[in-house]
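Below are structures written as structure tokens.
Okay, so chain A shows up in both of these, paired with chain B first and chain C after.
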Partner chain A sequence: MTVSALREAFGSAIVRHAVICGDTIVWVSRDRIHDALAWLQATPDQDYNYLTDITAVEYRDTERPLEIVWQLRSLARKVDLRVKVALDKRAPLEVPTCWDLWKGADWLEREVYDMFGVTFTGHPDLRRILMWETYAEGYPLRKDFPLRGHFSRAEQTRQALAANPEANYSLEELSIAEAYHELPKEMRERLRHGERGFLK
Partner chain B sequence: MGLEPEQRLDNPATENVADDITEMSVTSPNWVTTRLDFLVNWARKNSLWPMPFGTACCAIEYMATAASRFDIARFGMERQSFSPRQADVFICAGRVPFKLAPVLRRIWDQMPQPKWCISMGACASSGGIFDNYSMVQGIDTIMPVDVYVPGCPPRPEGLIYGIRLLQKKIEGETFTDEALREERLVGRDGLFLPPERVDELSEPFGNSVQQTRSA
Partner chain C sequence: MSIRTVEMALSTPGLDAEGRPVQVPLGVGGRDTAESRIPGHYDEDFGAEHMLVNIGPQHPATHGVLRLVLELEGETVKRCIPHIGYLHSGFEKLGEYRQYNQIIPLTDRTDYLSPMANNVCLALAAEKLMGIEITERCRVLRVIACEMSRIISHLVWLGTTGIDLGAFTPFLWSFQERERIYNLQEAWTGARLTTSLTRVGGMMADIPDGFEAGLREFTRTFPNTLREVDTMFTRNAIWCGRTQGVGVLTAAEAINYSLSGPMLRASAVDYDVRKDRPYLGYETYDFDVAIGEHGDIYDRYRIRLEEMFQANRILEQALDRLAALKGAPLNVDDPRLILPPKRRAMSDMEAMIYHFKQVMEGIKPPVGEAYMGIENPKGELGYYFVSDGSAKPVRWRIRPPAFINLASLPKMCEGALLSDVIAINASVDIVMGEVDR
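Right after this comes the complex of A and B.
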């Protein structure tokens, strides 16, 4: 059983667990989440080798913490596991990245960052993925975000037209060195230093 | 009369007559221009090359329109142009998010004149049910539109009716109209409607009437 093995290995870092509609959900403390995910992936009995999804949940109750959700699957054992971390919304929203464990976490974490404003520390290229790079209205899936956005329609249209369509991609995605100089300055810096950057 | 070119230039009377003829032929309809218009418009309307810009379910109906059962080749749209450089009609089939707005605008700018635009379906024409933070509220805020086809999505008959309307519109065009191909931007920010009108677009409607905007 995964949960008892997790409790044995991590003790009080496993906050609680529940089985809802046949799905096992485990709440882990933020400090040990990366260790727990690495353990789940590397331990032969567990063998959670496939990261299905990363997402986040914000509840309507403003006091309730925001939850980050990792949906794991073991392809060999054909079992699923949902791992959650509760983040206090009054503190900075930060969790460690699991990009070093599953490379597929790259875009999933970017999406959670884009929509909820959660920072994944250690992510190689954390920037918006659905909204454009210069999007300035905030994080659309947060509960305090109005459905139509913060800006007026005219301002939204104006900003959208002013955006550079080619600036949404990393250098690898573009593979055009010329576009590098049209990217926003901050993005150029990040690309130069990250794993993906290869321009000096 | 057999005048030499130098003599003609020197003679103020002949010069004025020549000016009058040139002016008349360009700015006001006469027998020559209307015949020429008829010929040119007849050729144009019967060989419209569409540039399909399908972004959502309207594109499926567009494909049905182009396929054998409805077959828009019957109306001269034999060749689907997937390059804006060789296209006459821009057919925006589907919703357009703000992220796509500069792409749409660039494709429109790449199309050579003469060019027309059909806005197909509720989302392209007005934003449709997507009255939210990410969606352009009608492509006429970012580019000129000739024909709006309502529907969600419109059936192929609807699109064909829109194409017929566009052909009627082309029939009525005349090159003596100097403002015909003029694209009037509002200000320098690239909007096609005044900002106040863009703001109004989604105000009283949509499924989010209770929403308030903080800025």
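Right after this comes the complex of A and C.
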């Protein structure tokens, strides 16, 4: 029912759909994904008011596009819907944020950005969340990321020992306290370079 | 008014013309200067400047390695910036290098306060992906595992939150009760924390002798302790003062922030996965779902307390069913899924081949994907598997309830007092192993 209504509203932007293991999955084109999510949330018949999860899937087949997955739910109707967008890996990995629709998307999108390097355009605070801000090895859940990381164990140890514990506050946080100008000059320099300077 | 005058006024409140006690405004006194007499002026000592306070990552009140950076104006929180990831272990990445049954030990270590429930969710997700129908006895045992986990997880929450708010005794009570469940859990699985209880299509082990009697005894006496906690907390003036009206989220906000579990239900949203998307035959058990009203810490406490009573009810019913299913098969009858007994594997050619193929190749699900959500103590735990037909998943996604619930912390802390931040953070019921994964 949802799929046919979606097709009616969005036409060719609904790329395809499938039912796998009892779950309905809809592939939407990237250009219309934000409209489709907003429509699913706001249309009374659909009423997908609850965002269960946002994640991404990269397949072992390197030719296959990377997929962004939204798990939606209607609490009142007790139905689930999985919405996907396929992203060509040769182009920049970008999708519009749905933070304006669900505040719960904030950390979930940050996590996908952190783990897969997908940019959610329009997200107000897209920073790394699980890895530290100076992490320079790439995006851990990508298939080209080896299980033990890109750097050698020796290099990882060296960087961990060389990390400056004083640089724990972000610049934004230091500006709250107006403490930035009271810091020693040498530390200000380091912070201005973001202390994330090495090996990008 | 000088500081000294304020102190004098406080120590001798006095009465005004109408006989009411004189109220002295605090915090706006400061030094008596020409500037301080200008209306709206705040002395620098009393909070015109915002202050940055760091809590954690090594702080007992953050319940793990959570770090909070707070922007304070006086004692009021203007902004709360959480930093997580100190316990990141890359479980999702590790899962892509493991067969389905080998992922089960990883799930023990995510939400380590309710390992058995995580094991059950993983087995259910893999079974959904492979289209396996498990036996009735297995279902009942998994319900018992889930509800035992709910009780121990909520007991830890109750004890630690009590300590955070200055109540020490219920901590001892709840940990004593928890110990009894842990002993049963140890007898069943051989481990107190890394249980790895389930397998795809069945269980790692059947319950040992004396387990049913032990659990019966627990369910008989456990409500007494809960009632004592109820007596201590529910109408306690200090407890109510610290929790009522603190950290409030409305129903619309709770849905918008994707909260789940007791956090969602405290905000008057009637959603419980056990009732609304039943699994393991939960629809056939007789239990009630507690729904809050105000969305504050107090309601979250009431809901968790009631959930323990209800979990106890479910355990009693499950034990009755277990007695009726005595001798029924536990695992599915499929040698491609379930390892043969060791004795047969060493003496029977066919069993040995199945054993070899399972250990060396693993179980291969069809190409596809499946999402399975269950009602964990912390909220809705979901495992999302994507399979390309090989024995190892392409993607294993954990939908972490604690992570998503914690994301609402900045919202709840806005405008709260510094001491309330501790209470609010405790009420989310986080476990950092799951937040950071």
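Points to keep in mind about this one:
In this section, the second predicted complex is superposed on the first by the 161 of 200 C-alpha atoms of A that agree within 3 Å, B and C clash if a C-alpha of one lies under 4 Å from a C-alpha of the other, contacts with A are read in each partner's own complex, and residues count from 1 in each chain.
Everything that follows uses one rule, which is that contacts are C-beta pairs under 8 Å (C-beta built on N, C-alpha and C of every residue); 3 or more make two chains touch, one makes a residue touch a chain.
Keep in mind that this is a model prediction, so the values were computed, not measured.
Here chain B and chain C are compared by how many residues of chain A each touches, and C touches more. In the overlay built on the shared chain, the residue A:15 is in contact with neither chain B nor chain C. Contacts of A:51 after superposition: chain C is touched, whereas chain B is not reached. In the superposition on chain A, A:103 makes contact with chain C only, while chain B stays out of contact range. When the two complexes are overlaid on their common chain A, residue A:161 makes contact with chain B while staying clear of chain C. With both structures placed on the common chain, the touch criterion links A:38 to neither chain B nor chain C. When both complexes are overlaid on chain A, the residue A:137 reaches chain B alone and has no touch with chain C. In the superposed pair of complexes, A:147 makes contact with chain B and with chain C alike.
Across the superposed pair, chain B and chain C both touch chain A at residues 130-132, 140, 145, 147, 168. Per the touch definition, chain A reaches chain B in the complex via residues 130-132, 137, 140, 145-165, 168. If you check the complex, the residues on chain C that touch chain A are 49-52, 54, 69, 71, 79, 81, 84-85, 88, 90, 92-94, 97, 128-129, 131, 253, 255-259, 269, 271, 276-277, 368-371, 373, 380, 382, 384, 386, 388, 394-395, 397, 399, 403-404, 406-408, 411, 436-437.
Chain contact summary for the complex, chain A toward chain C: residues 20-23, 25, 49-53, 55, 57-61, 69, 71, 75, 78, 80, 82, 102-108, 111, 115, 128-132, 140-141, 145, 147, 168-170, 172-174, 176-179.
Taken together, the chain B residues at the contact with chain A in this complex read 98-99, 101-103, 105-106, 131-134, 136-137, 141-142, 189-191, 195-196, 198-199, 201-202, 208, 211-215.
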